[in-house]
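Below are structures written as structure tokens.
Both complexes below contain subunit A, partnered by subunit B and then by subunit C.
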Partner chain A sequence: MSDATLPAGRAVKLKLDRDGAIKRAFMAVIALYLIVALALPLYAMLSKSFVTYSFDLARYEFQVSDEAGNFGPPQTAAAINAELGVFDADDLRSSSDGRLAATAFFPDFSFRSPVKYRIRGTGPDAPYLVGLDLQNTTEWKEFDGNTFRRINLRPVKSVGVQNYSEYFSNPALFSSIQNSVFIAVISTVLTVVAAFGFAYSLNRSLMRFKGFFKLVAMMPILVPSLLPGIALIYLFGNQGMLKSLMMGHSIYGPIGIVIGSVFFTFPHALIIISTALSIADQRQYEAAESLRASRWRTFWTVTIPGARYGLISAAFVTFTLVITDFGLPKVIGGQYNVLAIDIYKQVIGQQNFEMGAVVSVVLLIPAVLAFIVDRQVQKKQVSLLSARSVPFQPKPNKTFEALCLMWCGVMAVFILGLILVCQFAALVQFWPYDLSLSLKNYDFNRTDGGGWDAYTNSIQLALMTAVFGTLIVFTGAYMVEKIDGFKTGRGMFQFLAMLPMAVPGMVLGLAYIFFFNDPANPLNAIYGTMTILVVSTVTHFYTVGHLTALTALKQIDAEFEPVASSLRQPFYRLFARVTVPVCLPAILDISIYLFVNAMTTVSAVVFLYSTHTTLASVAVLNMDDAGDIAPAAAMGMMIFYTNAGARLLHMLASRRILRRTQSWRGR
Partner chain B sequence: MPNNADAYLEIKDLWKAFGVFLALKDINLVIGKGEFVCFLGPSGCGKTTLLRAVAGLDPQTRGQIHQGGQDISNLPTSKRDYGIVFQSYALFPNLTVARNIAFGLENTGRPKQEIKTRVADLLALVGLPEQAEKYPAQLSGGQQQRIALARAIAIDPGLLLLDEPLSALDAKVRVHLRHEIKELQRKLGVTTIMVTHDQEEALSMADRIVVMNHGTVEQVGTPTEIYRQPATLFVADFIGETNKVATTYSGGRVTLGSVSLSTEMKGVAEGASVTVAVRPEDVVPHLSTEAGEGAANLLPAQLVDMEFLGSFWRCRLQSDILGGQELIANFSINAVRRLDLKPGLDMAVELPAERVLVFAEGA
Partner chain C sequence: MTRTSFLCMSVAASALFVNAAFADTELTVYTAVEAEDLARYAATFNEDHPDIKINWVRDSTGVITAKLLAEKNNPQADVVWGLAATSLLVLKTEDMLAPYGAEGLDKLSASFRDSDTPPSWVGMDAWVAAVCYNTVEGEKLGLTAPASWMDLTKPEYAGHVVMPNPASSGTGFLDVSSWLQIFGEEKGWEYMDGLHQNVAAYTHSGSKPCKMAASGETVIGISFAFRGAKSKAEGAPIDIIIPSEGVGWDMEATAIIAGTANEEAAKTLLDWSITPKAMEMYNVGYAVVGIPGIAKPVDYFPEGITDAMIDNDFEWAANNRSQILEEWAKRYDTKSEPKG
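Moving on, here comes the complex of A and B:
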């Protein structure tokens, strides 16, 4: 039988039952969500970056009459321009909104003169406006002078790498790449070192106050990334109380960005490194000790190699966070340009959407690279985790503990310090002249930026993101993990679910403009509404939730579905009765993660909010921009209180729900 | 084979391919109503794959499956009629024992009271009437397995599938549960397929055993048939223990060195290369003085060492006739005492003709 071959024929396919049909429908819906909310906008942005608009003068022909009304010979606009030299090549480059007055080709033009004008296209695509009326025809049209002055040529679209060559030949824009990488590398090194020391103290020493330090270390997650910028301005800015410490250097620029970046990326790096350090194997250390290796040698030959995947992963995550961050350089970057700022300036400042798309693509490259490396490393980390090992037990050592306490103390002072400075600044009358306390900075309705509405909008956004996001993310993860068959579809889905991690918020926001603001898009109606903010935020933070859900689902016995099915029970009954209750801790984690991030995010939504959907985090940015730094600090602190409250509530709720529904855990 | 009239499950020309790898090759099998059948084989032999095909969890690539006269080849799991118990038990951790058992009964229009009675009956049936309100994590492995069994039979399935149900348990519990499961199956009369890699389990529980290897069925038969008359060398080797010697066959005899043994094997071609197989317990000890010239199937051998295993002695013997190859023999305590067997002793062993198995090459 060893040379048996499969008889010809078709593979047996099971009939689709109702269960299978519902599952597929569910997956299709969520896949459709990811396609519409992620793949298509990114595609729109990518294609936009290759689009250029320019006036093609060869496409238009003019005829001018004399005063008696006798028309002369037709002449192309290109020919006229060549003769008169009105426009050079640069002038003819344009954007999608560009307009070129037809009268420019006729220096003698006067709308009072009886001279008449004719215009026609020489080919099929020669758009021009008569007032607001778009014409595109090869027929001659005749106009009197008074109408002719309202004629504007429209640019035509062409596809090519012109935007890119323009970008890379612009030294100001190009230097942003260097700046971004420089900032990101310095911040990454500092953050990883700081977080490693902190994580090492937490996991490998008998230092006291571990709980307190853990709590403080997580605080930066609760505030927008631009908040440390505001605190730094108060400390070291032009009117800062510690300005003398800067020794003539300016906080506005790379120094400020780096310090702020260390602040807001610290908890992210800490979580990763702490996980890596917590899986140490006691036996390796015992072996090292029995071989009489010095502590120093043990550190470099056992500790560091054991934590290397965590360190690499933390470095890439930090790098990505810094290079894609927008809030901090906006607040404290001064004249120092980075990529994320360039996107903002191109889009909001110059309305040059195509160039914004080009910078986005450039910013996408390091983010995607970092993402790929991180995923590879994470896979290896998992295999380390599954190894059986004896947990490490730290031994008492007074000097070492004092050292750890010092390290953690310095970081805690740094983090708490910046938050307290913000709090203080928010509460004083008028920095630095009148330091008496007042709540006037919290009267947001008196400053521009959206007022208290911005705050309630943020709450609404955060709640909706938490509810709908958790629903979508968890159901999607369930379909990926627990559906049988349909392998290709699941693979694609998984790819889409991982993609948001690699897409910077600014890029996603801009992609949304291109996709949803297109009048031809039937979904255009959600542009400028709360819905688009929710969709963008859910999508922006999709991946972490997805991974959390997957991890929880993977721990559930894979045989539950077959058993339920053999008991002739529909999968959704199993889902509701077993899967969701068992995964409740993970579900709660996903929802609080989405809530907190929806409160603090700036990058994606800064392009998408409208006057009636301003957000607290964006208000911080705008108030700071307008010079109202104290109210900005106050609003930032509002976000902090809210997130801290939500965290606390989440903790209490989790505990309650766990006690009630998870009594089966443990014996 | 059972009488075709009461065939319940029929597997016809069944193939399963994973990419280019053929996990099951042309399986044909008939299982009678109420039978307890074990799929037995080493890991990777395809036994679980076959079970999953029957359950519709991993449908076969080619071939048909009929259950109770109905073609179920391409029915989805939910439309088939079986209960299943996995090695992991797959009990729902957040539901009580009673809720677990009731899972397949609820949502079917049965009145609450009826469900309650049924659950109580089932708990009594598996011998755990007091555990209804406990959570699975509060039960021992054996108890969990019985709950999983109760949940599977709650819906009165026509077919009970057991996927290595005992292998996660420790030895003592396993032996105890073997009897219980067998007893329960007999009481309910439900047709049962159990997948196992443990031959002892299969021999003690099954009405018939399907021995599988490399995706094919090696032999189907009752436990005694499988043990006493293995159809292939693989079966002889996999079930129990066997001494194997390669030699040739001629005129109803096989030759081992200068000794020629008579066998009762039929259907082996003259001059064919064959393997002779003898089970250790079938080797009969003799003192070399006893071994007369004319005695049949006798080999001179030296007793190398002896290992006391409680109910018998396990002995290693060496014979010049077998070259360097050792012969393993299980001698009864009585025989050892009677013949005063000791390591180093020159003795003779008899390989009884009716116990000598001869397998043609490649069989």
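Moving on, here comes the complex of A and C:
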């Protein structure tokens, strides 16, 4: 039997039809986009964080004469150092801007003595300075004592983990990690509690004015995260309207950051928790009631477990938003250092790009951890709503409704209050000495930040991001969802599409500098243009759009594809005639999401803007930096009105389009 | 949208159109000059050279320096017009400047140009450190106005002093380097240790401390005289104090970035930047300019400031910049708790 083997047949392989090939090609293109716009820059940054600078003493040779001018034998600096032990290995570490005085190798150096000195490089890369002139040569150069004291050696590049050990041994930088985590934890707890109360009122009570509260709660999404900081300065700063409420504490520091963080993360947490609370099974509550469970007990045994995945998810989203935010601590952090500020300081203040890369890698860790945990939790989420469920119907309860109204009222006053304060501050002539109203602060051309051009640039960026982003995101989601087979490819694509969620905007921006501002990179031409801003913004906000598109696409029955192909219809006709119209609400949602975020983002673009591409959100930052707080508030409010207008347009447009294309849903 | 802002936009739009119609060359010019002066500088330059359009990239001194250094191997700027000389010296050590013997070089004061021939940079004007003191808030708190740098360490000012961070601000660096030169290294750091006890915040930009003093957000802002004069002219209740020990200063200077594609236009701009007309333009805000004898007194500018300027050693400041900043960060950046 064993001898009678069958002849080896043809390997069975799924035949790729033309549609499948085109779909794979499309997916490959979008995957390539994600690799170039995300994976490669991150890799460039990671490798940059291992670049170190140190003085390589073996590269220099010295010769010293006696008083008569006869030169002794040449000796390398390394040999001299080994003999004298002037510097140990630690001393020779440096930054890109380091200098080492050559006179240190000659203990009996005196600029008055007639002794002459010669220096040369032993190899091609041995930079040193004579005064301010850079030299890099293997030729001997001769100097008298008075010139020789102006000679400084320059460090050269090498690779190692030195930056990391330096970072973790620097108490100032290390304390930023604690500060960041501290701020993020406190803000997360406060935000989740506030948002839970709000969402509970909206979904589980018969409270009045729900529409109004929903509208107000979404407002913080429309402004840059810097704006609450500015409002808090006007409210609680040293000349603040309500300064006495601070009871001697300073708003500059953790208090300000936490209050501002609650403001700007509130809507994000609210959306997630509200979705979780909107689904509930009436039967569970009836069961609890018939078992005579108290309301308190029912709350803890039915409501909270039902919403637990939403709560965990909201907590992680808030945590990530706070720990990676840079605008708020910049405006109101005072001397309180956090990780995001450290990146900015290292890169912008101290020109230390390598250390900036190290902090970025450190900042990636909590963000990635939060992301992984969140994904695990999402997987465990099971549908609460089965076919037999009865939707929850809240019962009238006067006291409870009053309580809900109060909770929502407090939050609404908080949100509206901060926005109104900004608007008021923007209109005041000279705070606090001249409170007459004027439009002087809207004359942006007189302040830092790029003037009105910045505003028009921002609108251009937002429109381009919305159009191209939606195109890229939706096509990518379609290909990955509707392609047959090719499991590994799809899995890898999914991973790439989820990755942006875990990468903070500043980290992405810094990675772009390393990757795109490299003359050897053929894509170098887009550095400093609007294109790179669009690419970075689309990439930074890719994940949420991708998830929205996937959800919409999963609603479409998988039968459509086989039916279309059996009718010999190419997939693109199906795509244009069925898929896009059916998904239009999702497509509109993605585009407005990208538009609003492109208007408000600071972190993803702060390292990348140039002369022609100053942006309104960055202008708010720069105006505040220069001390022009009122114009900063004015520009922030311009962003708010633009976003509110865009939202309104989006609402009207979707209503019209939906009426025309979605009437089938009504049937 | 208001009428004024609409007007601004249409003016900006028409300006763009006009520029697009006539400008032959566009120069990317990096600068740390105050934002509100940029339009005036460009317009005055365009009176004589309408064919060159200036695209400004403006930020604080530290940021612009960082940007230039980051782009070392792939420069984006054509010219640097209005950056601290100490920063330009750092760029020179990186071989980033193209030396050029500008026309009219001989008229400049000897200290207002690079000593090499041809010089790598030429000076415009000097900007001088000063202390902005808010008299209204000072009176409310019962403080007396400080008269010297040493006074600023008095306990009564605790939490009322704001100064720029030397790592990012040119003004901050000139303050620190001048203290080290006035008091000597050891005493200088001792002085800053004392001052640090009173500082409420280190700001990113050099003009912010004075603007904060002007709006009463702080009482004492260590900033520069020109900014103080401007805020005072706007109606801020501040006094501009020149500390008795003498004040640090730095020069705003101009240079061509090596490797520029628009060399002719860059040279034209450099020539123009040291003409008497340009000096008069700088003089609107700066009391000390590059060509001697041109400067007229500036409104609200404190008197006697030229005599108070210390004998600044630029080479020392440039070559020790990174070491000073490192030491500064080690001593004062660690203050992570805000002052209550």
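Here is the rule we go by: the second predicted complex is superposed on the first by the 554 of 667 C-alpha atoms of A that agree within 3 Å, B and C clash if a C-alpha of one lies under 4 Å from a C-alpha of the other, contacts with A are read in each partner's own complex, and residues count from 1 in each chain.
In this section, a residue touches a chain if its C-beta (ideal position, glycine included) is under 8 Å from a C-beta of that chain, and two chains touch if they have at least 3 such contacts.
Only a predicted model underlies this, so the values are computations on that prediction, with no experimental measurement involved.
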item: Partner chain(s) touched by A:E67 [first = subunit B, second = subunit C, both, neither]; value: neither
item: Subunit B versus subunit C as contact partner of A:W452, first or second or both or neither; value: second
item: Subunit B versus subunit C, judged by how many residues of subunit A each one touches; value: C
item: First (subunit B), second (subunit C), both or neither touched by A:N524; value: second
item: Which superposed partner A:D90 touches (first subunit B, second subunit C, both, neither); value: neither
item: Touching partner for A:D108 - first (subunit B), second (subunit C), both, neither; value: neither
item: Touching partner for A:R573 - first (subunit B), second (subunit C), both, neither; value: first
item: Of all residues in subunit C, those that touch subunit A in their complex; value: 2, 4-5, 8-9, 12, 28, 35-36, 39, 55-60, 62-63, 65-66, 69-71, 73-74, 76, 89-90, 92-95, 116, 136, 165, 167-168, 200-205, 207-212, 215-218, 234-237, 315, 318-323, 325-326, 329-330, 333-340
item: Contact footprint of subunit B on subunit A as seen in their complex; value: 1-2, 4, 6-7, 9, 11-20, 484, 557, 559-560, 562-570, 573, 577-578, 581-582, 661-667
item: Subunit A partner contacts - residues on subunit B that touch it in the complex; value: 13, 15, 17, 22, 25-26, 55-57, 59-63, 73-80, 82-84, 86, 88, 90, 92-95, 103-104, 107-108, 135-138, 151-152, 154-155, 157, 161, 214-216
item: Complex contacts: residues of subunit A adjacent to subunit C; value: 95-99, 129, 131-134, 150, 152, 171-172, 175-176, 179, 233, 237-239, 248-250, 252-254, 334-337, 345, 347-351, 353, 430-434, 439, 442-449, 451-453, 456, 513, 517-519, 524, 527-528, 610-612, 622, 625-629
